[in-house]
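Next come two complexes built around subunit A: one with subunit B, the other with subunit C.
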Partner chain A sequence: MTAEPIRKLIVLAAIWIVLLLAPFWMVPLGGYTALATRVLVLGLAAMSLNFLLGFTGVLSFGHAAYFGLGAYGAGLTLKYLALSTPLAVVAGMLLGGLCGAILGMLLVRRRGVYFAMVTIAFGQVFYYIAFQWSSLTGGDDGLRGFSRQPLDLGLIKLDILTDANNFYYFVLFCFALAVGVMGFILRSPFGRTMIAIRENERRSRFLGIPVERHIWIAFTLSCFFMGFAGALYALVNNFADPRGLHYSQSGDFVMMAVMGGMRSFWGPLLGAAVFVVLQDYLSSITVNWMSFVGLLFILVVLFFPRGLLGFFQRSKA
Partner chain B sequence: MMTQLLLFNVTNGLIIGAFYVLMALGLSLILNLSNVINFAHGGFLVIGGYIAYAISPYVGFWGALLLAPLLTAVIGLAVERVLIRPLYGRDPLYSLLLTFGLAFMIEDGTRFIFGPQGKPVAIPAFLAQPLSNELFFITGYRLFMVAVVFVAVALLFLLLRYTRLGVRIRAGTLDLETVAALGINVRMLRSLNFAVGIFLAGLSGVLAAGQLGLEPTMGTGLLMPSFIAIIVGGIGSLPGTLAGGLLIGVASGVTAVFFPAASEAVIYVMMAVILLTRPRGLFGEEGMMS
Partner chain C sequence: MNVLEIDNVTKRFGNLVAVRDVSLNVAQGELCAIIGPNGAGKTTFFNLISGFFPPTSGTITFDGRDITKLATHERVARGMARTFQITEIFPELTVFENVRIAAEVAGGYRLRPWINRAEAAKVAQHVEATLNLVALETKNDRLVGELAHGDQRAAEIAMALALKPHLLLLDEPTAGMGDQETFQITQLIRRLHRDSKYSIVLIEHDMRVVFHLADRICVLDQGRMLAQGTPQEIAANETVQAAYLGNAA
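Right, the complex of A and B next:
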């Protein structure tokens, strides 16, 4: 074995050890387990967006819509259909993914800023539906009246409602599942093709790659992951909020991906961690936290456009 | 009664549409030449409105109407120079994120300086009167707003058609590289173009302040319809943006008569229909969107 794969293996092991032990080191450092759970879920969302943004090179600025749809899908299932946590997660994922698949067909021919613009506008459609259809969604107040249910594992019932650690490990399990699938796709020939399209769309087309179809599939997959993360987020809060579908939430996700490092697989998770902790901290010390978040956006764009990981990698090289 | 209700809402729609047009034309100018989606455009509208509020005690309404957009454009020029110019030629993602953050800062900043409550802006008394009892909803101010928008749009199109700057902006929209090769200072061109766009945002801010009063969040609500006006009208086409803005304004006005809950949703439906049947938009040229 050469040095490079060994180094990668060590980094990977370190990431998983940090994640597995999070409930134990978060609390002594002044955090709380629920914060770690939120980082994990939002990190998964940012990684799902980056699947499209960083690896296919397609700029979606309306991805919060599919995140929010996942949340509503899970919430509505728990409230009206079945008291089952796994079923709710699957329902949320399907709702986000299927809506993404349908809208994706309208979107794939656009590129660059135009793609971004149309995704924003279509994302807002779902925001308005959630906002206006109050009899079903609770409107502006959000969807309440549901809670995550204990997991029935056959032999034992796992309480994830009141036990924060149990819930964290449930979310970590889901996270690992999603990230595993994502990594598998990126290593497959399909994933390589996505990267080829990112690097040079015209050349990919000359090579006979059906670019539109690949972008559509990548968009759809990313929406499924997004819906999955959104469903988990509904479980985190026992609540679904129309603001979760709003384009400003999309902006936060893009920011997480950029801040962590768009070109790396784990970058968005790091970005989400920094973003969530910073926002949590800022909103606890000042009412003007919005200005600081805005300033953060500007500073990152101007001075760290390659993100934290990109910055470290370059300064090492 | 029904006709009056309909007329009322169509008028309303036209007035709202006029706002969308002003906003969308500015956005469109910047998007076409610089490939920047200016998320902070609504923020500049707010700046224009609050400048008018701050200076109108000294210069009066008419002075504010003229000065506030100019001052907003100057602020826009500074923002373009310091924050946006370094991002030209990079992935459009970055200018999007930057203006997104800027919009946050402007909204929060105005709230910090002027407080979260709405502020009224006094308009001249003779404009505040309704024209007649029959048509109580048509105040002089509303007609005046539409007239100002009309004049501003006409001037913009004359500027683009007949002045050297306008010709260069249009040429740059089509092929910036050639324009640069012909020895034209493209940086300056982009700055001036940005300032023109921001001037329009500032102008809509002043007009909106007189009609609706001022709130730090007022710009955000106008941003999305302006996006849709551009998409419906056809990206890359300013007459398209004009038509798109009026169209969605009237459409949401008419929908408000029959199905009030959907008055906002209808513009999204229109966008979806347009994208399905005519992806380049009403006036867009083939291939502009891809």
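Right, the complex of A and C next:
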């Protein structure tokens, strides 16, 4: 009985040690710190998507929209409103989350393929807005002309623009915050209703759960996390790209989640790590890097249907 | 006092009239069995009561309130719980987790992003008491999907009971069971009715179960209420015998 929680605690500690020490082991292995930062941010995005996909059983194929909205929200704030990194992150999160809340209301009556199609459609609407509204968003060129600002911690000013390690730890702190909230919710009564809906929607309804309302809340929360990740992504690049809203980006997030293991909490982070590192390495060799990532994806889906992490984890029974 | 009053309820699907002008009252603490040949409209009738879809006409009153237009989850919140002919459970969760979801909804925690120690302990106690009632307490941490069919049915009933309902709707509780399992479920329903004073409406094909348990039997045939009465009255009723019992026996 007690062996299971201890094993989980060890795994959890190992994950955090690996993340905390990433700048020290990535460089000797031929990586660089900014790559680890990208893994964290895209991993957070994939985990946000999986909050909905893996734990409520609802597939959104347009989640990049809220990611991109987060990025533009942060970028526009830094460019036009205030030179404050925390404010930019909060603004991005709110923009993504609130748009998700509004569109979510129109979405929750749809299920399965229809839900996925409508999320794509809404996502593309945001893509074309970002693409066309050049005066505000920079159009096809993306939003430039802003950069992340030093963090004012009262006693000291932390330079996160030029010091890659400082920035990594800032992102890790944000990541820990978001992931902590996610994990907390999933262990709560509300989180258990999400899992109930994933497992059996009819049974959930006849247990007195208003399924649509709960899916809406899960969707909205997921969009807030997505906006948060998107805001961090704008800080990573000092740039917001309309392609960050495109449905192919949504597809990448779904791929990361499925590849890593959508039934596990940490799976999507592993999926994102594999995706980002492969992209970084292969794209320096060939422009067709996506073919290789795609091949790996097919192999994983065929041979490890529970994803890479699902393969390593023993079944709960 | 009546827990449930159904007045002249009709349900049409296009040209098909699945339930035609049916009325039924269920008194507090009564066990009412609905029988009838296949296609008689029994499950449709159940779906109308539990709010799976609204009736074409007629009204449904539950605990003195008109619930005809209420959604399923609102009816559940007012104290109505049901099970299904084909077991509806959360197969990949444990017995305890299955019932806990129901218990947390009943405790009013379903929207809460946290639960404190005292509340969690209260929920756990409620879950264990419910599992005791259906004799599943030793299978607490087994996955429901791995249990025997009879135990899965019992788990589904436990989930319904954890909602603390005033009215229990059981759709063919002994469907697909062997003699031993049928006996156990029958005993369970009998305990719930006699000892715990639940008001119960059940659909059942097994006549031994029906005549053993029911205070009152309603016979549906081709969407109509053919007859209602005590088991003795129904057994003696000639129309019923012609339409149904005669063929079954």
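To be clear about the criterion, the second predicted complex is superposed on the first by the 311 of 317 C-alpha atoms of A that agree within 3 Å, B and C clash if a C-alpha of one lies under 4 Å from a C-alpha of the other, contacts with A are read in each partner's own complex, and residues count from 1 in each chain.
Throughout what follows, a residue touches a chain if its C-beta (ideal position, glycine included) is under 8 Å from a C-beta of that chain, and two chains touch if they have at least 3 such contacts.
Here the structure is a predicted model, which means the values were calculated and not measured.
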Fit or clash - subunit C, subunit B, common subunit A: fit
Superposed arrangement, angle subtended at the Cα centre of subunit A by subunit B and subunit C, nearest 10 degrees: 80
Partner chain(s) touched by A:Phe206 [first = subunit B, second = subunit C, both, neither]: second
Which superposed partner A:Val293 touches (first subunit B, second subunit C, both, neither): first
Touching partner for A:Phe184 - first (subunit B), second (subunit C), both, neither: second
Touching partner for A:Val301 - first (subunit B), second (subunit C), both, neither: first
Partner chain in contact with A:Phe61 - subunit B first, subunit C second, else both or neither: first
Which partner, subunit B or subunit C, touches more subunit A residues: B
Touched partner set for A:Ala196, first subunit B, second subunit C, both or neither: second
Closest Cα approach, subunit C to subunit B, once both complexes are overlaid on chain A (Å): 12
Footprint overlap on subunit A, where subunit B in one structure and subunit C in the other make contact: none
Residues of subunit A touching subunit B in the complex: 53, 59, 61, 106, 109-114, 116-118, 120-122, 124-125, 128-129, 132, 247-248, 251, 254-255, 258, 288, 290-291, 293-298, 300-302, 305
Interface residues, subunit C side, partner subunit A - complex: 50, 71-73, 76-77, 81-82, 84, 88-93, 97, 100-102, 104-106, 109-115, 143, 146, 159, 163
Residues of subunit B touching subunit A in the complex: 31, 35-37, 39, 83, 86-87, 90-98, 100-105, 107-109, 112, 224, 227-228, 230-231, 235, 261-262, 264-265, 268, 271-272, 275-276, 279, 288-290
Parts of subunit A lying in touch with subunit C, wherever the complex brings them together: 184-185, 188-193, 195-196, 199-200, 202-211, 214, 217, 316-317
